[in-house]
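Please find the structures below.
Both complexes below contain subunit A, partnered by subunit B and then by subunit C.
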Partner chain A sequence: MTTTIRRRERPAVAAARDRGGRGLLRRLRQDWWIYLFLLPTVLGYGAYTVYPLLASWWFAFLDWPGFATAGTFVGVENFERLIGDDLFWNAFWNSIVFLVFAVPLRVGLALALALVLNRKKTPFKGFFRTLFFLPVVTTGAIVGVVFTLLLDASGPVSLALVWSGLIDSPANFAADAGTSLYAGIAVWVWKWLGITLIYWLAALQTIPQGVHEAAMIDGAGAWAEFRHVTMPLLVPFLVIITLIDTVAAFNVFDLMQTLTGGGPSFSSEVIEIFIFRTAFQATVPQLGYASAAAVLFGLLTMGFAIAQAVGMRWARGRTGAS
Partner chain B sequence: MTATAQAGLTWRARLLRRPSPGQVVTVVLLLVLGGLWVYPFAWLVSASLKSSPEIFGSGLALLPERPVWENYARAWNEVGFATYFVNTLVITVGTVLLVVVRSALAGYVLGRYDFVGKKLLIGVFLVTFFLPEGYTIIPITQLTDQLSLLNTHAGVILGLGAGGQIASTLLYAGYFRRLPKELEETARLDGAGHFTIFFRVMLPLAWPITATVVILTFLFAWNVYLLPLVFTLSEPGLRTLAVGMTVFVGERGTDWSGMAAAAVISLIPVIAVFVVLQRKFVDSIAGAVKQ
Partner chain C sequence: MRRQQRILGSLPGAGSAGRPGMGRRQFIGGAGAAALAAALAGCTGGGQMSRESGGSSGSLQWWDQFRPLTKMLQDELFAPYMKEHPGVTIERRQMDVPDLGQALQVGRRSNQMPDVHSLAGLGTSAAALVSEGWFQPIGKLADFQGSPVGEFLYDGMHRFDGEIYSFPPFSGRWHEAVPWFNTALLKQAGVDPEEDPATWDELRDVARRLTKGTDDGVYGIVVPSKETEYLEFLVNRLAMTAGAPGGIDWTTGAYAYDAQQYADAIEFLIALQTDKVVHPASASMGARDARARWAAGQAGVYLWGAWFIGGLRVDEPEAVERGVGTWHIPCPETSRNFVYSPPQSGTFWVSSQSKRAKEAAELMLRMTTREFQARLAAAMDQPPALADVVEEAEVHPAYRQCVANFQDDVRIAPAPEVGTPGVWQVLAEMRDVHPNLGDIVQSVLTGSTSDVAGELRRYTDAMSAERERAIKVVREEKGVEVDTKAWVFANWDRKADYDQQAYAER
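This part shows the complex of A and B:
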């Protein structure tokens, strides 16, 4: 990470100086091939990322009952309705609860595992790393379907819990309004833990072995070493990894839609399911209303993205200084 | 030879040394946790070889009384997973090609040249870096509808690969930036133009990044759900594996063994690719986050 702070002078910089004072038009003409190289990205990105971002705002002000029809402008009516819509706030809070429980669980558990797997003495490190990474490569929608079977009241999870005496009678946690959201969180952490584990292992690799030896010589125990030596060095990574996982916690449509479908009775409906349901599953699609929900949701995640950028800069400064 | 012999020796030495109690506890905990991670896959394979009543009737036993291979035939032929498989393959290959070509081209000029509008372009990339797909699905569907590409493979490929994927572009840009300037100068002396230099010299040199981008995009395109779901709502023949799986649940909700077989069929390609290339997978992810 330190290498990113000081870079060698790039050819680009030198080239820019050479051309310094000449006219803009001349520069554009000379660089025509650069723009040709950029064309696919500019066209694709413009149409499929930038346009949708801007269009969402426009759509949010429309009453628009389907792609085949033209929308009519209704001003801020959609936003007014959203603010009074209990189901929107239900979905909004479900997304927040998901985030608040799932992210620390994923980040913390992965860190604990990484610390164990980073120790020299731990055997079969590669094997365990592969094992925990396996669910990461699988299809979220299929994992969701498979877990509806695993979590069935007569399925293996329920059987094992009854057998071990942890619960009294068979239960399906994904189909119970009190636990469905938490069942989703558990499956999500199971599926994605491996990737966070890899992030942490990469972070731990940046701590030089000498630090560990110095701590040993000073007579620090394992906990003291972690608390006073390892943890301070990991804080910048904690910021980055938490933020990456936070943004990931907003992309849970595939898993939640297939695991619970947002039910029972909206108990596990996250904001993405709310948008999908409003736009594509209602008898009369409410595209404008769904767009308004997406815009509010987008503002929220944008806030996180900005926090990410700020945190990243701060973390870079930390690693650069150390 | 000596290296492997040494490795063998240290292994033997390690095995002979009495492990400390702490180490034993660690390994036991890891094994229990690892069991939780691998059990769902074992259960899935087992369920795919049982009859539907047997899945929920035989307790925690994993071995089927008699393997029912017909489950696979049923999922593949009757339910249409053969078609879903081909669709997923076409969409994944198309998306990977699109992303590699477009991010390599853009990454090359972004990494090595200065031009009017560069700052603006990078600014736009950074602002939209973490845009969740749920946010843009309505305009993307509307755009695809306008282009008359709804319910086509091309529509799904463009929807997945034309926008986003900034990480790939930045990976290429970072790599190309580090290559020495003399490469172009020598090639230019030999009379090569920009395109020859890029395709003959630069792109082949960037193969480690290409491998990373291929892996990351393959994972994304094979596993994506929302966009293919929305784009194929009215065209069952275009469903991908992920979409087909959920339709299966809706239409034949009690054919659990067929469902399990279909899930195995859908997961085998990604898991196989992962097992073969696992070092590269892990390095790709670790490398991407270090950026």
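This part shows the complex of A and C:
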């Protein structure tokens, strides 16, 4: 296989070397319509993704009060201040806690639901799929506002828990320092469960029916079949779905800002709210400092993206896909 | 958008792409350039569609946060001006305070500032913005010095380097902790509105009676705790009624958040919570949410600013019809202390990017007449600068009572930036300290901490250290002559307004 590829590459490489720079121009001329159609995407991506990304790196090295039109270069001072800022680390760890609890919960619950909804005997499958997917298409900020009312001390959740005797007095889950972050996690999992459920359903449908039948003939029970047949075949998908959900768990600004606003007492302040607060809500907005926090956060996300790429490569290797 | 069309129009190749005789190379070049030009024209630093700044597109842009003033400004100010000046169009945008602050920051960086705007949401002193070149002077465009509000113009607040930049259309004599009550709920609970609870204990008692004497789901008081800004000003005002001068002791210039009065004010809020008379959902509410709950009849009393009733009239008019009244802000004891507010800073400012400064200044000058001030009062937002017009204005009796109470309860405090020009540079250099007063109160009310005195002491120390750092920076790096004495007003009389003469005699 390797030899074949090398043989195939040789003439192409040689030809490219022969053509030199003119090859690119010729390709552009021959396939101009491809590049024309790509142009809007390239421009949009450049203007709205690449430029802000690069700009934030530069801003991170500036002392830039939000009221001034430009900042002054201060080197790594913003990063030094961040390292000594307890609220930055509080937000950082809140984001990590969010990730550690929310992602396994979302992936696990969605898998359990997908297994149930993938069974032939399950009634109203279409209805339930729609029901679970509905919150996905609802705006995060609206979900946050609605759950503020549902989770407050006079809301139905608290009243139901008091009525059932699980708690003694009404509790305000989104406004209690001990529960606010977890309330956010619960609402986030509920909101996005449907999309992960769809991923899992798609993954389950790639498993040939014959494999299940073979397991049944071999006398495997439901649990043994899941553990030894279904799950091993789902592992590559598990890696990809987990990594997608992990990156999503870093994008919770709209929900958390409307649900808790990062409070009370910064107990649910995730890194995005920290950046927003520093950049826009400070008495003197600190754009450079906020950018430095964003850069650190970006580095972390980049780490997850690299992990995703490595995971995908590993998953492909395991399934034998090219 | 106009700019976009112009650029597209200047590239004829883009418009004739399909015509015979045009080569692919020309088409690629033309279409690519057109797309690039369109993208660049449409994209700005703020990621918004471009609009030429300063109202040069033909309309005068006006941004502020005053929701109760919406109809009044349109009917009484903009419409008559536009009628008299047919070439002028005025477009006003009303935004919530946080949105306005963000919009102004983004607008400033992308050259899309409105011609006139307020400073709400920016959270800094006007002096700092003047020094950054945000505004242009208006004193030579219209006679503000000779206007009825001329006596309220202060150096360092409205006048910089001898030039007038703004004026106070509103009075400085107000506070944000006015007890507003629902007369129907008071009647149901058997509480006489004329009782006017003079002390904190009496207010607690009223709240208890309201909670017990009304239907299930109705509470004595609502204290929105989601936004720490509300808690900060509420505790500040309550501490003043206990005898605190404010966050700074003007006789020494030192921060005074660790004074006993602040701890007492927080304890008072805790006591209300312990009594179970505070709406249980308060911790999830912002100030406007709380007003909506109050209007829905879920709470009997709500402490907020004079604009409460004006906002109600716009958003929940049925609550005004049902019945609303107001009391004096209660004090811990029957002997009354004053609440202190600095002179009212300029509310509206003309952007340095504006090309319609003359029209803007003329419009703003119209806000200083007694007739307009009376109409301003009728909108029932902040009290007008000429507070006496409220007596004759068409206002709700509760609003009239509220403004009258301000005359009794509020005294004008010193403003360090007026007394010493270098102070604003220190204020601009100071970074936020957290947890601040609002954060501490929120922590206490939600049970995150119980060490009130310790938290207040740490905050006071942190603020003092931050001010020292800022003073050092502006002295060493900018050569500004300022020290902590700028915050000392030895001739401050806590029973009197600190007026222009007091600054002169300082």
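Just so we're on the same page, the second predicted complex is superposed on the first by the 281 of 322 C-alpha atoms of A that agree within 3 Å, B and C clash if a C-alpha of one lies under 4 Å from a C-alpha of the other, contacts with A are read in each partner's own complex, and residues count from 1 in each chain.
Operating definition for what follows: a residue touches a chain if its C-beta (ideal position, glycine included) is under 8 Å from a C-beta of that chain, and two chains touch if they have at least 3 such contacts.
What you are looking at is a predicted structure, and each value in this text was computed from that prediction instead of being measured.
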{"item": "Superposition on subunit A - do subunit B and subunit C clash or fit", "value": "clash"}
{"item": "Partner chain(s) touched by A:V76 [first = subunit B, second = subunit C, both, neither]", "value": "neither"}
{"item": "First, second, both or neither for A:A177, with subunit B first and subunit C second", "value": "second"}
{"item": "Touching partner for A:L87 - first (subunit B), second (subunit C), both, neither", "value": "second"}
{"item": "Which superposed partner A:V235 touches (first subunit B, second subunit C, both, neither)", "value": "neither"}
{"item": "Greater residue coverage of subunit A in the superposed arrangement, subunit B or subunit C", "value": "B"}
{"item": "Which superposed partner A:V211 touches (first subunit B, second subunit C, both, neither)", "value": "neither"}
{"item": "Partner chain(s) touched by A:D152 [first = subunit B, second = subunit C, both, neither]", "value": "both"}
{"item": "First, second, both or neither for A:I167, with subunit B first and subunit C second", "value": "neither"}
{"item": "Which superposed partner A:A282 touches (first subunit B, second subunit C, both, neither)", "value": "second"}
{"item": "Contacts of A:F266 with subunit B and subunit C, given as first, second, both or neither", "value": "second"}
{"item": "Colliding stretch - subunit C into subunit B, listed as 4-12, 40-48 or 346-354", "value": "40-48"}
{"item": "Doubly contacted subunit A residues - partners subunit C and subunit B", "value": "35, 40, 43-44, 47-48, 67, 148-149, 152, 154-155, 280"}
{"item": "In the complex with subunit A, residue positions of subunit C that touch it", "value": "24-25, 28, 31-32, 35-36, 39, 43, 47, 98, 101-102, 105, 108-109, 122-124, 128-129, 132, 134, 217, 225-228, 279-281, 283-284, 428-432, 434-435, 439, 442-443, 445-449"}
{"item": "In the complex, subunit B residues that touch subunit A", "value": "14, 20, 23, 26-27, 30, 33-34, 36-41, 43-44, 47, 55-56, 59-60, 98, 101-103, 105-106, 108-109, 111-116, 121, 124-143, 145, 158-159, 161-164, 169, 177, 181, 184, 194-195, 198, 219, 222-226, 230, 233, 241-243, 245-246, 249, 256, 259-260, 263, 266-267, 270-271, 273-274, 278, 281-282, 285-286, 289-290"}
{"item": "Subunit C contact footprint on subunit A (complex, rising order)", "value": "29, 32, 35-36, 39-40, 43-44, 47-48, 65-69, 87, 148-149, 151-155, 170, 172, 174-178, 260-261, 263-267, 280-286"}
{"item": "Complex contact set, residues of subunit A against subunit B", "value": "1, 7, 10-16, 24, 27-28, 31, 33-35, 37-38, 40-45, 47-53, 55-56, 59, 67, 113, 116, 121-124, 128-135, 137-142, 145-150, 152, 154-156, 159-160, 163, 190, 195, 198-199, 201-202, 240-241, 244, 247, 250-251, 253-254, 257-258, 271-272, 275-276, 279-280, 287, 290-291, 294, 297-298, 301, 304-305, 308-309"}
